[in-house]
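As structure tokens, here come the structures.
Same chain, two partners: subunit A is paired with subunit B first, then with subunit C.
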Partner chain A sequence: MIASPLKMLFTEPLKLASGAVLSEYSLAFETYGNLNPQKTNAVLICHALNASHHVAGVYEDQAKSEGWWDNMVGPGKPVDTDHFFVIGVNNLGSCFGSTGPLSTNPATGKPYGADFPMVTVEDWVDSHVRLLDQLGIRQLAAVMGGSLGGMQAMCLSYRYPDRVRHAIVIAAAPNLSAQNIAFNEVARQAIMTDPDFYGGHFETKNTVPKNGLMVARMIGHITYISDDQMETKFGRGLSEKSEKSEDSSKPQTESVAGLKFSFEPEFQIESYLRYQGEKFSRYYDANTYLRVTKALDYFDPAAEHGGDLAKAFAPATAQFLVISFTTDWRFSPARSREIVKALLDDKKDVTYAEIDAPHGHDAFLLDNALYHRTVRAYFEHAVIASEATA
Partner chain B sequence: MIASPLKMLFTEPLKLASGAVLSEYSLAFETYGNLNPQKTNAVLICHALNASHHVAGVYEDQAKSEGWWDNMVGPGKPVDTDHFFVIGVNNLGSCFGSTGPLSTNPATGKPYGADFPMVTVEDWVDSHVRLLDQLGIRQLAAVMGGSLGGMQAMCLSYRYPDRVRHAIVIAAAPNLSAQNIAFNEVARQAIMTDPDFYGGHFETKNTVPKNGLMVARMIGHITYISDDQMETKFGRGLSEKSEKSEDSSKPQTESVAGLKFSFEPEFQIESYLRYQGEKFSRYYDANTYLRVTKALDYFDPAAEHGGDLAKAFAPATAQFLVISFTTDWRFSPARSREIVKALLDDKKDVTYAEIDAPHGHDAFLLDNALYHRTVRAYFEHAVIASEATA
Partner chain C sequence: MITRADFEAIAAWIPMGSRVLDLGCGDGSLLAYLKATRNVDGYGIENDGASIVRCIQTGVNVIQMNIESGMKEIADQSFDIVILSQTLQAMKRTESVVADMLRVGREAIVTFPNFGYWRHRVQIALGGHMPVSNDLPYQWFDTPNVHLCTIADFEAFCRDRKYRLLGRMVFNHERELTVLPNLLGTLALYRLMRDRAPT
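On to the complex of A and B.
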């Protein structure tokens, strides 16, 4: 399946949760499959921290350009684009296409950089609904997302009840725990204390806070993988280079089991994390990272209702599919069960699947037969069935 | 109880596991209580990352100078200095008194800094035994430590079997998991990529990598506290400053529930972590931090025995008390049970207590009635009893 990125310009100002106003903005998006004449088969996919509107398919003449959820969305896949019209949209504040810190600020003619406003899950959902308006889609068959994307799916369900019939909320949480916020804050501190950050105005200095971004990504990465999975994949294995002791600048010692006694990466997990961190620091924008983590920290639908999540969900009319993964310690099954409980308290129609998977939080992006069968069955039955009455 | 730090100079060179040799070095230590004429009542306390030889008591004319394990060690306390002669010793490579990166390198007349060699748990134990030699202590009644201190207690038990009758191993692990190493590596990267680190030679530039140390400590701190405890203590509470919106430089917005929409600390957990990180960065040496985390990464007694921990413990003749805490996710009870299983496989005398405590890894430093009663009972019965046959 060949994907083509599109862009839609919005000139009606968007008031954000912070009170700031975006006078105009663009949203990058992609679509897969065809909108049926009744316009009842649209599915919106919301993304998490490190993803974009490029959900599925590949770009023409670009090898290895599969979308981030290509195993889930496509012809014959669990979210079957032979039937559904799937929309991937890039969030405001991103560095992958929609208006964000790297975009030109129309007020100054220069990139926003640190002046790009704070954005929230609510802001994203508001802007996504405007995109639906432009596409002539009155009601989505489903909104779907994992992690931060799941938060957007939840938010759309109660903020725009009549715009969606099904909400699929995967590996998400009703808000961040103190520990979740703590990890985000350490990552932000790593970025903000990098001398190349310049208070977020690094663009003007022709630099980027690469080291801060690398450390931030390494921290994040630890929380995406389960302890067990890390043990299975890396354990205490030494990286090849360590085992061979190739570093000839160091004196060869009668060392224990090939240890290098230096601060070069020597365990496999070290090499892996540094590689992931460095790769990330080459393409991700620091100002985007800061804003996306704050959006995560802020999301808390129950807060306006005295902590009562059921009250937050009360306006929703959609049916829900909630999925969690047993070894996810970032957003554990217990957090998904809080969502399910609130929906049940509201007597909503909710299906819950707790998938036994070893991969931790990352499981929502990976191939897992039971997980994919669950999503496929839900779309084939519940979502398609709802089109008849739409 | 008034404590007085002492220092012992060793001029016999110490060969380290890395192959490097310390031609001379000092160990800072303190003692509490009196060594009995038979010299059978000595207890060695080993410390973890952020501690020293100052285990118990206070320094004369110095308010709030309690030792780091003052709730455990002292007159009438679980490790009762009215009976036992307790020794606290500072590890080589530390920044608190024993020879380390801040000390003068006799070869150059300048501080070691980055040239201080890598040290291991084995090196520490070797140097501690030399201190015992100087103090005329042939055999310890007990060696005791929590976390990294527990690793030293284990190591002494099999490396110098005839030098100790009891090993008390608290909140420890037989080696670091991939996830443990990952957290250490991220902390090291935060320090080493701080431009003020200068490859470890920051002394010569009259600076210290404060930001890196701060981030490193913040990461570490998250792993010391249980998720639940963090939730109970901080949850999603906003810091006072946030709630009052005192930051008058920012425009007041019709914000949700007092959110500031800035990157200043706003949740309590953020303020807490930054405070802890900044405090740490003012007194801890970066080169010490790097070495202590590597000593943790390297400790793996089973490695030389094809992964068989029982074989590593085989030479030990001590009796063991192993203690873990239910909510410790840094070194979980499962890791302590690995130690216990290996000891049982060896038919050693081992007592195991899994203490129900909400505080996570930090529990080993905190007051907990059951924990303290367990240690007290063990010393009052098993340890004292062993003196008769010593």
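On to the complex of A and C.
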């Protein structure tokens, strides 16, 4: 499946939760499959922290450019684009195409950089709904997302109840725990204390806070993987460079257990994290990272209802599929069960599956037969069935 | 073995439009039947991933949960009727499961294979073996059934806990019995509630 990125410009100002206003903005998006004449088969996919509108397929002449959820979305896949019209949209504040810190601020003619406003999950959902308006889609068959994407799916269900029939909420949480916020704050501090950060105006100094971004990604990455999975994949293994002596004349100390007694990366997990961090720092914008982690921290639909999540969900009319993964410790099954409890208290239609997977939070992006069968069954039965009554 | 007759017997106790929770709902076929015949609104509870997929295909809401975990996500008295169909005997914490059923529901329907059925008694008394039959098809070493009971046992259990029995049906396979239920019955169905209905 060949994907082609599209862009839609919005000139009607968007008022953000912070009070700031974006006078105009554009959203990058992709679509797969065909919208049926009744316009009842549209599915919106919301992305998590570091992904984009490129959900599925590959770009022309770029064999290795698969979208981030290509195992889930496509012809014959669990979210089958032979039947559904799937929309991937890039969130505001991102660095992958929608208006964000790297975009030109119309007021100054220069990139926003640090002046780009804070954006929230609610702001994203508001902008997504405007995109649906432009595409002529009155009601989605489903909105679906994992992690932060799951938060957007939940938010759309109660903020725009008549715009969606099914919400598929995967590996999400009803808000961040203190521990979750703590990890985000350490990541932000890594970026903001990087000497190349310049208060977010690094662009004017022709540099990027590369080390800060790298450390931020390393911290994040630890929380995406389960302890067991890390043990299985890396254990205490030494990276190849460490195991083989590069210089046979080196002193005896290293030959005993292959240890180098240095601060160079020698355990495999160290090399892996550095590699992931380094890769990330080359393509991700620091100002975006700061804003996306704040959007996560701020999300708390129960807060304005005295902590009662059921009250937050009360307006929703969609049917829900909630999925968690047993080894996810970032957004554990207990957090998904809070969502399920609120929906049960509200007497909403909800199905909940707790998938036994070893991978931790990342499991939502990976191939898992039962997980994919569950999503496939839900789309083939519940979502398709709802088209008849749409 | 769950048959059409069991479904009909359970349905007879369920008022139209009830809010129903089916514990250990398997593929969701009982709930689908009750939706079709009694217009119930409800959820299945199941802890097996493949069964969750089948419930989705059947078109019923299902929550993955261990019914012996206390079902904390389900609010007190939030259902009209909670069903435990042919699963009681496989529970390890039988007592707290029945107590939880009556916590989350106003009424409970419990069905189980009657261990007091005469063929089972004969197999133990004369054959000297644990019973194996159509209703209890497992060998002692591979059975999921850890707490088998007889009709007399279950009634004593309810009496001791002051559960009020609202109804009983006993079947010998597909045929309803009126005489010698504990001797002739293969399957027992009970409808019960707490002695003092919570206000």
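Things worth noting here:
By our rule, the second predicted complex is superposed on the first by the 381 of 390 C-alpha atoms of A that agree within 3 Å, B and C clash if a C-alpha of one lies under 4 Å from a C-alpha of the other, contacts with A are read in each partner's own complex, and residues count from 1 in each chain.
Going forward, a contact is a pair of C-beta atoms (placed from the backbone, for glycine too) under 8 Å apart; a residue touches a chain by one contact, two chains touch by 3 or more.
Just so it is clear, the model here is predicted, and its values are computed rather than measured.
Legend: residue contacts after superposition of the two complexes on their common chain; A:K341 is shown touching subunit C, with no touch to subunit B. Look at A:R236: by the touch rule set out above, it reaches subunit B but stays clear of subunit C. Contacts of A:D70 after superposition on the shared chain: neither subunit B nor subunit C is touched.
In the overlay built on the shared chain, the residue A:D115 is in contact with neither subunit B nor subunit C. By the document's definition of touching, of the two partners only subunit B reaches A:I222; subunit C does not. Which of subunit B and subunit C touches more residues of subunit A is settled by the count: it is B.
When both complexes are overlaid on chain A, the residue A:A385 reaches subunit C alone and has no touch with subunit B.
Contact with neither subunit B nor subunit C is seen for A:D308 once the two complexes are overlaid on the shared chain.
Overlap of the subunit B and subunit C contact sets on subunit A: empty, with no shared residue. On the side of subunit B, the complex with subunit A involves touching residues 17-20, 117-118, 175-179, 181-183, 185-186, 188-190, 192-195, 211, 214-215, 218-219, 222, 227, 230-231, 233-236, 251, 253-257, 259, 261-263, 265, 267-270, 273-274, 277, 290, 294, 297-298, 300, 303-304. Interface of subunit C with subunit A (complex): residues 19, 41, 43, 49-50, 52-53, 55-57, 59, 61-65, 72-75, 78. Every residue of subunit A that touches subunit C in the complex is listed here, in rising order: 337, 340-341, 344-345, 347, 349-356, 370, 373-374, 377-378, 380-382, 385.
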